[in-house]
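The following pair of complexes shares a single chain, chain A, combined with chain B in the former and chain C in the latter.
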Partner chain A sequence: MSPRQRQKWAIFGLTGPAYAWLAVTIFLPLSAMLYCSVLDVSPLVPRPASFTLANYAAFFQKSFYLPLTWWSILLGFWTTLFCFLVGYPAAYALAKRVKGRWREALFLLIVLPFWSNALVRIFSWTMVLRQGGFLDMALHSVFPDAPAFNLLFTYPAVVIGLVHSYLPYMILTCYVSLQAIDDSLMEAARSLGAENTTVFRRVVFPLSLPGVISGAVLIFVPVIGSFMEPRILGGAKGATLGMNIEEQFTVTANWPLGAALSFTMLAIVLVIFAVLYPILKRRGVWA
Partner chain B sequence: MTEISKFRSLGRSNRRQFLAGATALGVGATVLGAPRIARAAGDVKVLNWQGYGTDEAWSVDAFHKATGNTVTHDYYNSESEMITKMRTNPGGYDVVVTNCAWNNIASKEGLIQPLDPAKIPHWADLNPAFRDSPLLNDGGKPFGAAWVWGITAIAYSTDVFKESPATLATLWDPKLKKRVALRDDGIEAVSFGAIATGQDMNHPADLAKVKAKLLELKSNVALLWSSEDEWNKQFAAKAFDISVYWSGSALRSKTQFKLPVGYYVPKEGGIGWFDGLAVVKDSPNPDGAHAFINWMIDPKFYVEWATKVGAPASANPKAMEALPDSDPSKSFYSDQEAIKRLQFMAPLSDKEKQDYSDLWAEVKTAFAG
Partner chain C sequence: MKRKLDIGGGIAKTYLALVLLFLYVPILVMALLAFNRSPLYQMPFEFDLVWFKALAENDRLLNAGWNSVVIALVNTVVATVLGTAAALAFSRYQFRGRQVMQLLLLPPITIPWLVIGTAMLVFFYWTFPLMGLRPRGLHAILLGHVALSLPYVIIVVGARLADFPKAVEEAAATLGATPWQTFWRVSAPIIAPGVVAAALFAFATSFDQFVISYFLAPPGVTTLPVEIYTSIRKGFTPEINAISTIIIAVSMGVMLITARFYKFGGER
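On to the complex of A and B.
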């Protein structure tokens, strides 16, 4: 075997399992769902199915899908924005200011919520946000005359819960790209007379953008499909497209419609990224 | 059971699993003509939800001792799966548990056969409200023995309401801003909207009226719950004061979780459901099937089931009377006037289900806005 051939086999051997795994766990189910989305009856119904695009048309015909989608996208936007506002400074401090033991300890605190069940975390937020909850009690112990404070079953409650759930993604991805920035670049900027804000604006932030972008993608995509957090924290105020998709599978047993809605959502996400791509590319983020 | 018959029954159940799987993939049409497999006499095969009364081991053993029939089970996870299993496996089952909304569907399709009340001694004791319901009868013949039943009506906090409310209109009371909970279920929401507007619960003639009525709940609705567990947590956290709820769950919230829960069937009406025991068409052992159905509606079985395991209300009033007085469900379900106000869940077409789901999605979207 020539070295070239051997290298080929090595690449095949090393990447093969991952591709096989992806093919089985992502490609096959997605294809099955795509097939399902163009049927006129659910595959569980023992009646021969025929092909139709009616499930995709339903998205545009029914008046409630557009507002539902818009709210889902806004939810993704707000959650991503607040994750960035809270997570980026934390990542910056971890990467550039904190050293040694402290860094490990802080990392542990950031990852810690991941070790508990997501449902439990969300339910514990209901105890904090509701009237008579921890926030309400804290507020009234300082300002006894303040009006009753109840955030539960509101839009902000959903954003708070989601930011808590997804914050670690933003911190970790930003940390990785901030950590990779050579400190001597900042020293060079300073030696050329740049002030701290200018160093951050012109050097650090542009170089860390890839981390911000990948964090944003990791958060935005699952959030617009979320249904558990909006249901528990939003109550009647938390309607998302994800909840409607869930209902098509569990309540009406209309799998074709649920599948079509899922692919519509996927298409919307792809369109959003397709629009953003040229802007980001110009900034050299995805070079 | 001998080794050989054990082997056979193993083979049969594997074949059935394969059949169910194949049908689910939509390729079942070609294998539907699979030959029927001979079964031992004295075998009663029951199709039911898992852990829902018929498969209690102590009862199955006692039934075998009393009648010589061996009870075996196959389970479904949804009513449509139950229909699919009967369709794809003719002669495979003897007894099937059908909900009141599904019995007519099964009888119209010829999947179950008329019962012979003469073979069911406890038949005469059954509550006529369930036994003679058109939902268990077809063409003048009974297709199911009423077994257990329950209510979906209104639960309220006894801390907030010193007296039990009496009407459904309470949910729309302007004083209850953000204090009302509903179940996140389109069919149930439409049912209550129809009852509130004085229409037939299952097939309301004027859906627009139902929608308008539900939309009026916007400022009162705090949350939409989806499971008993979630209901209990939110109720305990005082997230709402009054809610649509299931009778059996309300009873559990009160007795097991010690929550201050009251329950009433509004004067306008409430939703009722019941399960019937039916004999499957082409049952290889119809006598055994009838004997098993009689066993299931026997007060002796019910009392043991209700006290040992916990059960919905029995459709046999004598079984309810036989419960110990300490059992909370005895008084809970004793209000005959409340039963008269119930409308029972009837079969819905696929189109109705989708329409109700869409109506509910629209209402929920308006709630959130």
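On to the complex of A and C.
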């Protein structure tokens, strides 16, 4: 065997198994789902199926899908916004104001929950938000006469839980890009007479934008598809597109509709990013 | 100037402490209530292990826990071996399609699990019976978990390989080592921390995975997160707090060990 041929076989042998696995579990299933989304009969029903676009049309025809989608997009927006408002200062503090062992310890503490069970962390908020829960008791220990306080099964509860789940993403991505900014750049700006706020607005923030954007993408996309969090913390009030898709597969067993809704959701996310992309590109992000 | 910076440092630490409070208070409250005797979470707090004792007799949960551990272990081995092999190929060879293959790692990370999980359900429903397999079950869950872990393993090991000092290998070869010897005695020890970190990531990914398992678990066969979800939907009991506390302790322990091998967020 020539060295060239041997190299070919080495590449094939090393990457083949991993990519075969991904093909069987990710790419073929996504194709199967696309096929399923244009069938007029659920695969669970033993009846011959024919092709139709009715499942996609349903999204626009049934009056509740558009508000539901808007609701989900808003949920993604609020979660991303609060993650940014809370997470960016934390990332900044960590990258520029804390040094050495403190930084190492604080950083580890922030990313630790991020790799622990998401479901359990959402569950833990029910202990805090429900009537007679931690917040309620804390409130009544200060104001004994305050009315009963219950946030569980409300919209804010869902947002709080989601922010708690995704905050470490934002801190992580912002930290990485803030960390990469050379301190001498900030000193140069200062020595040229820029105020601290100007340095931040004109130098630091623009340079850290890629971190903000990747954090926002990593948060926005999964939040749009979330169903477990709104179900546990929002109850009946937290209906999202994700919850509706889940029901098509587990409750009503209308797989083609669920599949079509899944792809519609992906398409909406893509459209949002396609709209944002030129704006961000003009501002020099995603170079 | 120095004094001013120190004040800034104080504010920064205070703010970070507040963020940590937000991240940890719910988890601590939940864990504390697992040790409280009252079945209705009533105060005053009375320390009792009654809910952990109840766990020890709950066969459903124990079964689900056993399934979770076995799947996580098998997932760790399979994903680490396949992922490390692919990462090696990417770092060693320049070839056509390399970039496309690396881009293909993004969909499993970025597409919501809800979509991936339901897509797997549809595909397995059509294809598995042809091979005499059930569409849902532990085998399907394992297939799904490995798919989610693989991209992370390839990226983590790949990051380690990117800083690999190639000259060391060349030196070994010049000094007469066979390729096999070079790999095991020189290369393997250098990339080992990356591989260990990737393996721990893979374990955590599988042990904590809920969405994929939820769609691929048939009635009666579950993993721990699916079982917990089902119990939460029935109503809150301190027993859920107890099992959740154990899960959080295990995953955080695994990640603390990982932190020894892998620097999160690059240079510190």
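Descriptive notes on the structure:
Here is the rule we use: the second predicted complex is superposed on the first by the 261 of 287 C-alpha atoms of A that agree within 3 Å, B and C clash if a C-alpha of one lies under 4 Å from a C-alpha of the other, contacts with A are read in each partner's own complex, and residues count from 1 in each chain.
In this section, contacts are C-beta pairs under 8 Å (C-beta built on N, C-alpha and C of every residue); 3 or more make two chains touch, one makes a residue touch a chain.
Predicted, not measured: the structure shown is a model, and the values here were computed from it.
In the model built by aligning both structures on chain A, chain B clashes with chain C. In the superposition on chain A, A:Leu207 makes contact with neither chain B nor chain C. Looking at the shared chain after the overlay, A:Ala54 reaches neither chain B nor chain C. Once chain A of one complex is fitted onto chain A of the other, the partner contacts of A:Met127 extend to both chain B and chain C. By the touch criterion stated above, A:Asn244 is placed in contact with chain B alone, chain C being left untouched.
In the superposed model, A:Gly235 lies in contact with chain B only, and not with chain C. By the touch criterion stated above, A:Ala194 is placed in contact with neither chain B nor chain C. Between chain B and chain C, it is C that contacts the larger number of residues in chain A. Once the two complexes are overlaid on the shared chain, A:Pro43 sits against chain B and chain C alike. In the superposed model, A:Leu68 makes contact with chain B only, not with chain C.
Only one of the stretches 21-29, 183-191, 255-263 or 327-335 in chain B has C-alpha atoms clashing with chain C after the fit on chain A, and that stretch is 21-29. Taken together, the two structures place residues 43, 123, 126-127, 130, 132, 231-232 of chain A in contact with chain B in one case and with chain C in the other. By the touch rule above, chain A contacts chain B in their complex via residues 43-46, 48-49, 62-64, 67-68, 71, 123, 126-127, 130-132, 152-153, 231-232, 234-239, 244, 247-248, 251-254, 257. Only residues 8-9, 11-13, 15-16, 19-20, 22-27, 29-30, 33, 41-43, 82-83, 85-86, 88-90, 92-93, 95, 101, 104, 107-108, 110-116, 118-126, 143-144, 146-147, 150, 154, 201, 204, 207-208, 210-211, 214-215, 225, 228-229, 232-233, 236, 240-241, 244, 247-248, 251-252, 254-256, 258-259, 264-268 of chain C touch chain A when the two sit together in their complex.
Within the complex formed with chain A, the chain B residues making contact are 23-26, 28-29, 78, 80-81, 84, 87-88, 178, 184-186, 218, 221-224, 226, 230, 233-234, 237-239, 353-354, 357-358, 361-362, 364-365, 367-369.
Considering their complex, residues 7, 10-11, 13-15, 17-19, 21-22, 24-30, 32-33, 36, 43, 86-87, 89-90, 93-94, 97-98, 102-104, 106-113, 115-121, 123-128, 130, 132-134, 137, 164, 167-168, 171-172, 175-176, 179, 217-218, 221-222, 224-228, 231-232, 242, 245-246, 249-250, 255, 258-259, 262, 265-266 of chain A touch chain C.
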